[in-house]
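Here the structure comes first, spelled out in structure tokens, and everything after it is commentary.
Read from first to last, the chains carry the letters A, B, C, D and E; within each, the first residue is number 1.
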């Protein structure tokens, strides 16, 4: 049985004086994998933030979504002075803290075993991205809003993440993500090209 | 009642209102200012202690009083904009800030001019004077905050929050500074009991205070009208109005 | 989630976040210990600068202590939300399923513990070094405890409103300076009363009222300010 | 490139970089004008904290001015290289085809112009407000001009060494602090001599010697410190 | 006629206690396009920094290169409070400042016309990347060392950059870059897989 996790009718998105997007309609149900596509600056990030509820003033139209959301933006909310474990355990969006074994399993899934207690600032770009993504391997929300999650990941990392997306959709979740690459997610993947909703 | 509230939220209505009121309010204010100044400066009696230097009171006191009141005008507009999301309230709030700041500046400057002959110093660390300086900072803070945001919708919200925080604080600032040290004149106009100044000085003073209030309102209207002209430059109703 | 479960996890969340911020403060170079460092500097430097006359120093001590506490607080507030805004922590905070006005409390608590609280704890020592009698130590501590908290709550509103602004240096201090004045006056008053043998109770009561009022009102204002900044 | 061409472009480069840093300082919320702001705050707050007695204020003025200048400098140095390090500007600076010891000079110059220099320029005004006689204004300005420069050069060495450290910066800045003390002592000495009718020439000469020494030695130390930090 | 721009013999790269890479040999001549490949954390960034001369302490072996280098790392050295134009004009690595027309042309090449005087912090992720990359469209150095230049760019942006790489190689320059994607640079592209040089 599918439930609606996000619904959008006639949405307009503004940034300052500019209207980025206009007349967007969208329904995301459990099991969906939705990629927001479009050129640089078309408004993918702005839209995703609107979905997350982080942009209320500049969005007009009907927008309703479930409460159970995980948002991960361009900035990964990682603190360089803490270890990956500390970062994940005290993540500001996490009302419930994961247990140590959950944490280790999540980091292991992303091939970060051995770096649990390293200094995050000393990790490589891709490793930092992996730490940020480890949240997806912890017990988490149903609707994921991910802004360019594949950035900085190597090929193996992209594979792992794609598998996780599929798994999450199978478990009754949904993923909305932006990416400039074509994700290998089978026919389940819907691609929404924002170019066709560009504002005037 | 609700219709009135509603009308005040409608830019075309307010624009028309300003358009109608300004033409007769403007000459009235100018006349009142002239008459008040003439009365105060020429016909009111000379003070036996301070001589003629006291005459600056006719600018200093009205400016001070209205400067304070202006803050509450601004903050109320902020509250309305924040709670009821009335866009016009933003405009009003933005209009009030520079006018209030100007009034405060006038109070400070006239006070300083007055202070030189009376206390022998341009500036003393006195309670009311200090709190007036702080009020000036509050106004300038709101203006600077508004300028600092590029997005004016967001700027208005930020300023509304700030001015509300300021509202809570103004009485506190006043009380605390009073408690700290006071050299300045205590309030001498009292509505209960007898005032400490003579009626021949008091009436022109009261007249000037009223005039300064009206001037404040007038300046607000002019400012609001100008903002509306800018903001709705491309809207149909404004074009129609301007063409009429 | 059953309600009591939710309450428990809320409490745990706040404790965890407080821990996070304390850790960050301790680890970030020269962020936290500023207030203390400040104090130390001033205590060492003022006598060097003013000449070591003990009489004069002790007369000035209340003012010096309070001005220093205030300056340290301004410094703290300038960077209060800056890093969290830049690295995305702030938007994640807004994503936590609790009111933002509650979610900011841990950071405020941590910042206060690392600055005002610490400062108050060591203040008797510094008071002694400046020649304040030991008998006023409790008043000194109590007034600083409350005063620094009020200042932090006020300053955080300004910080929340200005954190997203890209051009407009200096703004924050302009915004919060007027709000600090009453705290400074009442705070020093409590000390001068105490030193002069008067009754500091009124001043302390006023500070207490300020704390209560601040705790009730300012988180709401801070949350509103942060929401505004996140829109940018 | 012909040598004279290279010299010209080096000069242009330094001017451009100075401009860049000045712009950044002006625009970053609450970064720069701190020293000035500090001064302003203190000038307003000290009377509020200490009471408005003009006699007392003017006796304290030299000390207050210098302690404020020093505190402002410490604040400045704490974040001197932090942003440039985090956003990669510092490594780009190291990539410019000129010695790093030269390449850091524009930033130092800009920081000093925006802090010490500005502070010195307005110091007579603030001195007046604190009740210093107008006749000492030249001495006040001269001693502040030199003193703030020395302090910046010293503080920048500490900043360069600590900028890459992730846990426990602070420490090194504490090491730098003792070096500030002589500057403070000599600086206030120049003022108290001038106010008391004595001869401030010796103190000023000492400050001048400090400036010369600092300008020669510290850029090299700063560059070495930055290289170490970039390796981290 | 080709000249050697970078030469490396028996290079070992360390990070703290760990030896990342060992026994690396490499010659880069004018006209080369070299992609450093390998999984997250293998040491691409560290190696590139070593090439740039930013890591001298932890690198052992013979390393010589020409003086004329442009390095662009993970952190783009952009200031959010300045405009793209100001950022480029006062770039800390640029001994000579580009003229206004050069600047505008460079930004236009990356499709950033109209954003020259915007606030950099308000640009989208890909737009910021484009500003950083605009240095490549100005008169610049012969040897480019670029760390993940394709990150955050849309498909059109990637194309533009690839063309620029080819052009630069044709003009007697050389590019060493890291990327997790396969770049479309024809047979001129050499790929150096660092996995085979992993330290013990």
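Just so it is clear, a residue touches a chain if its C-beta (ideal position, glycine included) is under 8 Å from a C-beta of that chain, and two chains touch if they have at least 3 such contacts.
The model shown is predicted, which means the values in this text are computed figures rather than measured ones.
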Measuring between Cα centroids, which chain is at the maximum distance from chain C? E
Do chain C and chain D face each other with the same patch, meaning over half of the contact numbers show up on both, or with different patches? same
Could you quickly compare C-E and B-C and let me know which has more C-beta contacts? B-C
Determine, using the mean of C-alpha atoms as each chain's centre, which chain is farthest from chain B. E
Give me the ID of the chain with the smallest distance between its Cα centroid and the all-protein Cα centroid. C
Could you state the distance in Å from the CA-based centre of chain A to that of chain D? 45
Based only on mean CA positions, could you tell me how far chain C sits from chain D in angstrom? 26
Mind checking the centre-to-centre distance between chain B and chain C? Centres are C-alpha means, answer in whole Å. 33
Round to the nearest whole Å and give the separation of the Cα centres of chain A and chain B. 50
Could you check chain A for residues that touch two or more other chains and list them? 16, 57-58, 74, 81, 122
Would you give the residues of chain B that are in contact with at least 2 other chains, written as numbers and ranges? 130, 150-151, 154, 157, 180
Going through chain D residue by residue, note those that touch at least 2 other chains and give them in order. 27-28, 44, 48, 51, 166-167
Per the contact definition, I'd like the list of chain D residues that touch chain E in the complex. 9-10, 12-13, 16-17, 19-20, 23-24, 27-28, 84, 86-98, 103, 227, 230-231
Listed in rising order, chain B residues that touch chain C in their complex are 82, 130-131, 134-135, 137-138, 140-141, 144-145, 147-149, 151, 154, 157-158, 161-162, 164-166, 168-169, 172-173, 175-177, 179-180
Mind listing the chain C positions that touch chain D in their complex? 27-30, 33-34, 37-38, 41-42, 44-46, 48-51, 56, 60, 62-64, 66-67, 70-71, 74-75, 78, 162-163, 165-173, 177, 180-181, 184-185, 188
Listed in rising order, chain C residues that touch chain B in their complex are 154, 157-158, 161-162, 165, 167-168, 171, 174-175, 177-179, 181-182, 185-186, 189, 213, 217-218, 221, 224-225, 228-229, 231-232
Applying the document's contact rule, which stretches of chain E touch chain C when the two form their complex? 80-81, 119, 121-122
